[in-house]
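Each chain gets a letter, A, B, C, D and E, in the order it is written, and its residues are counted from 1.
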C-alpha cells in the first residue's frame, strides 16, 4: 500500500474492494463559504488533510464528527451511515465513535489534567490502551494534578491529544494537534501517534499546515482549496502533482518517497534505501529506523543538484543516474523532473545553471544530493 | 407556645426543602430548554414563567385556591388521583411555592446555561458522553455556582413566602402553618417580644445557612489530591 | 409613652385642601363607601378611604401614618391607641357590632346545622384566626357555646382576618365556616345567623387620630356614623344593632 | 373608580422603574465586587444581601416601618436631611423595594460576572481600555442577558411586592397606593369582578412587557450591516 | 546592527549606551515552575523568544504585559518603571502601552471582525496606521462583518494580530501569532510585521517554535529553558552557539547570516550577497529582495557539502574556499565549523564521508551549496 509505485488508479481500485472506507458526499453552506466534498477515504492508516487557511479543513472534520448540523448529503463510516439527509439519518456525535482533537484544545476546566484523561477512559469501551502508558508517552506525568487553565499552550495540546486517544474511537480526527509544540515534542508525539495508529489499527484524519509532519505519518493526502477537494491519493503522488501546480503556493517542491530499508547501518553511519534493483539512496542512520522496514522521506527539489559527469572527491554520497523527463521554466528557476528507474525526482536549479548546462529533454544527468538532504521528520 | 413555633419551623423546613428539590427537578430541564431553544415561541414561555412575580402573592393565592378547590378541574383531578383534597394540604403549599418561586430558579440557570456555550459539550460528546452524562459531568460542575444561587434564592423565597401559603394553606398547625405565618401572628397579637425573638433566630439561622452554602461554593485553591493513576485499567493492560 | 405631647389639639387649624383620610378595616369598607356619599352630600367634606388590615394600620398609626380617623375591626387596637396617646381622648366610639353567620347554602336553621356539624363534621371548617382577628375570637366563643369546638378544633382553616376566611370559602375550597354576616349580605349569599349572645360582642370601634389636622371633620364623620340613620344603614348591611349609642 | 386604579398603576410604574434603576446602580458594583473578591468575608456579605428573602415581607415591613419612623435614627436622619417624614412616603416604598429586591439583581449579575472569566478583560486592558471602559464595552455586552434577567426579576418582584409596601407606604392614593395593594383591596372588599379584571389586565400587560424584554434579548442572527471601514481615521492617514 | 560580524559583546555595549531598553529582573514562582529572568533587551527591532514548550515564554510575555500579578522584581520599559515590587510600583496593564497577541486569539465574541479592530482603533492614541491598510495587509476585507466565532483558526489569528497592531503600543508582544497559518499567509504576515516594525519603529518580542520565522524577522534572540535564559544576543551568534549544544534538540544546525545585497539580479536570476571583499554568495532572485539592501538568510548545515577540489560541471553555484576550524563528531554525523573570511559556516557531513575524506583541522576545503540552499522565509 505504501509503495510509491502504486499509482492513483491502482490505489482507488484497491481501496474500493478491500479496505473499509469513509465515504463522504456532503454540502455545507455558510454565508461566505461553501464546502462541497465527495470523496471516499480508505481507512487504513493516516490520511492527511492539507490546504490554505480557511479552506474548510476544520469544517470537514466537524462534519464527520457530527458537529455541523446544517449539512446535506451523506457520510458513511465503514458500514454505518453517520448522516444521510435524504433518509433523515443523523447520528449523534456521541454515537459515532469518532474522536476529535480540536484546534483549540477544549479541555474541561473544572477537572485536573488527570481528570480530563479519566473522563475519556471512563467512557471508553475497549480499554486496549493503558492510561499510564499514554501519560508517559505524552510526558504528562508531572502535570497530572495541575488545573488545565494553568498549562502552557503546548501542554494543553498534549493533554487534548492524550484524552482523544484514550477514548479509543473508531476514527480519530486531529485538527493541527501539534501546532503549539516545539520540534522535539512534535517528533515524540508524531512517533506516538504512528505507534498508536498501528497498535489499534485506528484510522486517522490529520489536519496540518506542515507538510513535513504529514509527509511523515500519512499514507494518503487530501488537499482542499476553497471548500473543494483539489487533490487526493497516495501522498507521494499528490505532492508530486502539487510540485507542478504553479499558482498554488502551498508547498516547497520536493520528491516524496517511501522506500524499503536495505541496510540499516552500512558501518559508516549511513542507512541504505533501495530505490530500485540497481540504485540505492543513502541517508544518515538513526536509532528510530531500526524497528522499521520501510522509510518515509522527502528530498526538497532545491536540495538536489545536477551534474553531467559522475561526481568524485565530494562529500555528497548520493548520485543517481537519470533521464530528464520534463523541463519547466519558472520565474528564476527551472523545475526538472528526472526519472531514475521508475521514480520521478523533482529538481529545481537556477535559470543561470540551466543556461550554463543547457539541459534538454531525455538527456542523461546525475542527480546529486547529500545524505542529510534525505529528510525524515522523525529523527 | 414555643412548641408551636418549633412545629412551624419544622413544617417550614420540610416545605422549603421539598419545594427546592422540586424546583431544581422541574427548573433545570425547563431552563435548559429555554437556553438552547431558538424559536420565537420561547419568549412566551419565558414570560409565563416570570408571571407569578408580577401579581401580589395574596392574589396569586386566591386564584390558586380556586384552582385547587374540588370544584375545579385541577383540584378534582388531584382528589381523584390521591383521594385527598388538595386545598389546605401540605401538598398545596408546596405546589404553590413551586409555582411562585419558579422564576428564581429558572432564570439564573437559564443564563448560566446560555453563557456556558457549546464547545466543551461538543468535546464531551466526542469522548462518548451522552446528553445525561454530559449534563452531570460537564454542565453541572461548570454551573455549580448558578445552581447554588438558584437553589438558595428558591429556598429563601419559599421560607419568606407568606401570602400564598396563608391563603391556600389555611394556617393548619403541623401541616400548613409555617414560620412566616407564625411570625405574622405574633406581630398581630402584639406579642412583639416573641416576634423579635423569632425574627432574630430566623435571621441568624438563615444567615448561617446561607453563609455555609456560599462557603461551600468558594473556589478551592491548590487542594492537593492523591495520584490515582494506578487504576484497574492499568492492571488490565498489564495482563495483556 | 406620650409620643405626641407637643402636638396641641389643633382642631381649629383644619386644612381643607387635603381630603379627610379614613383608615378603615377592610370588612367595613363597602358599607363606608355607601355612607360616605351621604356624608359628603351633608357636609361637603372631601374624604379618602384607606382600607386595610386593622393590625397593620394600628402599627402605622403608632409610627406616624398621616390618617385622620381610624375605623378598626375591633376594640382592642383603638383602646391601645387611646391609652398610648395616639388617639384623641374620648373619641373612641363603637360604630358597628359584628354579626357572625354560618356560611351554608343548605341548612335552614341553627339547630339543624349544629346537629349536622356534630354528627358528620366537615373535613375543613373555616374561621378567622381566633388569636388575632376579633371575628375569629368571637367565632371560637360561639363554637364553644354550641359545643362544637372540640369537634371542629382540629379541622380549622384560619384566615389572617375575616376577609381571607370569606375568600377561602368563596373559592369553594372549603365549604363550611363562620364569616361576618355583612359579607353574606353584601354578596347576596344566605347563611345562618349566630346570636350575638353566644360570644362577646364584636365591637368595631373608631378613634380620631390625635396628630390629625382635620379634627373637626373627623369629629363630624364620627357623629355622622353614630347617627340613627347611619346606624340603620349599617344594620341593613348585616351588622348587629348597637344596644345603646354612646355619646 | 377606574381612575383610582389608573393612579395606582402610575404609582406602581414610577416606583418599579425607579427601584429597578437604583437596583442596577447599586447592584452592579456590589455584584462585581462579590464576583471578584476572594476573601472569606465575602460569604457574610452574600448572606446579608440574601437575607431579606428569608423573612416574610410583612415582617420586613414591620422592621422597616420602625426604622423609617421619625423615632429612630434612619427616619430621623432622613427627616433632618429632607425636611419630610420618610415613612408613608414614595421614597419609603422605593427604599423598601430596593432592599427587598436586591438579591434578585445581585445574584444573577454576580454569577454572570464570575462565569465571564478574565481572558477577554485582559485582552481589553492590553488594548488600552481602563476598568470603566472595559465594563461598558466588554462586560456589559457579554452579560447583557443577565442584566436583563436581573432587571426584569427586580422590576417584576417590585411590581408584585405587597407586604412591605403596604406596611411602610400606608396605601395612600397617589403616593404609595400601588397596583398590588389596589388589587388586594378589591379582593378584600369582595369586589371580585374588578379584582379579576385588574388581575387579567396586569397579567396581560406584564406578559407583553416581559415578552418584549426577552424578545429584545434574543440573539440576532445574520443581521447584515453596512461596511463602515471608511472611518475618519482612514481620511487622516490619507492626508499623511 | 544587523551585520553578523558584530559580536555579542559589541552588541551589548552598543545597546547599553544608545538604544532604549527593556530591563527585566523578575521572579515568578508556581507550584511546579519557576521563572527567573534577569535580562536587558534592546528595543530596536524584533527580539525572538525561543524555547521548548513550557519553558516560560508565555509567562514572560504576560509578566511584561502586566498580567502576572504574583511576580517580584522589576521591569523597566525605556524610562518607565512598569513593576518594581520593592518600591511597590505596579502599573496596570492598560497603562503600560504594551500590546499582546495571545497564543489563543481572545477575540471579543460580541463584536464582529470589524468591531474587534475598531475596539483597538478607538483606544489608540497615535493613529499612525490606517485601518483600511491593515485590513488589506491581513486580508480581512471579506470577513469584516463576520462573527468572530465563525472564523477559522487562521482567520482568528489574523484578526488578533491586526487588532494588536492597530492599538499601536510602545512595545508589541507576539505569542506564536502565526502558528495556525499556512506557509503563504505566514510569509505575507511576516512581511507585514516587519514593515510595521520599521514604519512605526515599534519594538516587538516574538515568541515562536519556528526558528525559520524568527530567523527572518528577529535581530536578537532570547532562548529560554525551564524558566531561565540560556542564551541571548545577536540571532546569528545565538543560533551558532545552539549548533554546538548537543543536548539541546531545539534547532537544526545551520549557518545564519545577514549580508548586504551586492547585485539584485545578475541577469541569470541570481542575487549576489557580499560575504566579504572576495567572496559572494548566490541565491535565487525574488521580487521581495528589490527593496532591501541587506538580506537575512540561513543555510542548513546539512545543505552544505565539502569538496577537496574546486567543483566544475555542477549546477551548484556556490563554492567557497574555507579553513576547517573545528571538527565535532556526533552520532553518525560530523559537524564541521569552516571559516571563510571571518564568517563561520556550519556543515554536517556523514561519518562515512568524513572517513572517506579524512578531513583535519586547518585543512582548506571547498564549501559547496546550491543557490536554493540559501533560504529566506520570505520568498
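The rule is short, and it goes like this: a residue touches a chain if its C-beta (ideal position, glycine included) is under 8 Å from a C-beta of that chain, and two chains touch if they have at least 3 such contacts.
Please read these numbers as outputs of a predicted model, since none were measured by experiment.
Chemist: Give me the set of chains touching chain B intersected with the set touching chain C.
Modeler: Both chain B and chain C are touched by D, going by the contact rule given at the top.
Chemist: From the centre of chain D, which chain's CA centre is farthest?
Modeler: Result for max centroid distance from chain D is chain A.
Chemist: Going by the touch criterion at the top, tell me which pair is linked by more C-beta contacts: C-D or D-E.
Modeler: Between D-E and C-D, contacts are more numerous in D-E.
Chemist: Averaging only over C-alpha atoms, locate the centres of chain C and chain D and give their separation in whole Å.
Modeler: Each chain reduced to its C-alpha mean, chain C and chain D end up 38 Å apart.
Chemist: Let me have the rounded angstrom distance from the C-alpha centre of chain A over to the C-alpha centre of chain C, please.
Modeler: The separation of the two C-alpha centroids amounts to 92 Å.
Chemist: Averaged over CA atoms, how far is the centre of chain B from the centre of chain D? Could you give it in whole Å?
Modeler: Each chain's C-alpha centroid was found; their separation is 22 Å.
Chemist: Starting from the mean Cα coordinates of chain D and chain E, work out the distance between those two points in Å.
Modeler: For chain D versus chain E, the centre distance works out to 55 Å.
Chemist: I need the residues of chain D touching at least two other chains; which ones are they?
Modeler: In chain D, the residues touching two or more other chains are 58, 62, 187.
Chemist: Chain A: which residues touch two or more other chains?
Modeler: In chain A, residues 31, 104 touch at least two other chains, as defined above.
Chemist: Could you list which residues of chain C touch at least two other chains?
Modeler: If we look for residues of chain C contacting two or more partner chains, we find 59, 167.
Chemist: According to the definition already given, which pairs of chains are in contact?
Modeler: Result for touching pairs of chains: A-B, A-E, B-C, B-D, C-D, D-E.
Chemist: For a test of understanding, state which residues of chain B touch chain A in their complex under the given definition.
Modeler: By the definition above, chain B touches chain A via 119-120, 122-131, 133-134, 137-138, 141-142, 224-225, 227-231, 233-234, 236-238, 240.
Chemist: Could you pull out which chain E residues touch chain A in their complex?
Modeler: By the definition above, chain E touches chain A via 30-32, 51-54, 57-59, 103-104, 142-143, 146, 150-155, 175-176, 179-185, 209, 249-252, 265-266, 268-270, 282, 284-286, 300-303, 305-309, 311, 313-317, 331-333, 348-353, 355-357, 368, 370-373.
Chemist: Per the contact definition, I'd like the list of chain C residues that touch chain B in the complex.
Modeler: 55, 59, 80, 123-124, 126, 129, 131-132, 156-160, 164, 167-168, 171-174
Chemist: Which residues, counting only chain D, touch chain B once they are in their complex?
Modeler: 40, 42-44, 46-48, 50-59, 62-63, 103-104, 107-108, 110-112, 114-116, 143, 145-146, 149, 152-153, 156-157, 159-163, 180-181, 183-184, 187, 195, 199, 202-203, 206-207, 210-211, 214-215, 218-219
Chemist: Tell me, which parts of chain E touch chain D in their complex?
Modeler: Listed in rising order, the residues of chain E that touch chain D are 65-67, 92-94, 97-100, 102, 104, 106-112, 114, 118-121, 123-125, 127-133, 135, 144-145, 163-164, 167, 169.
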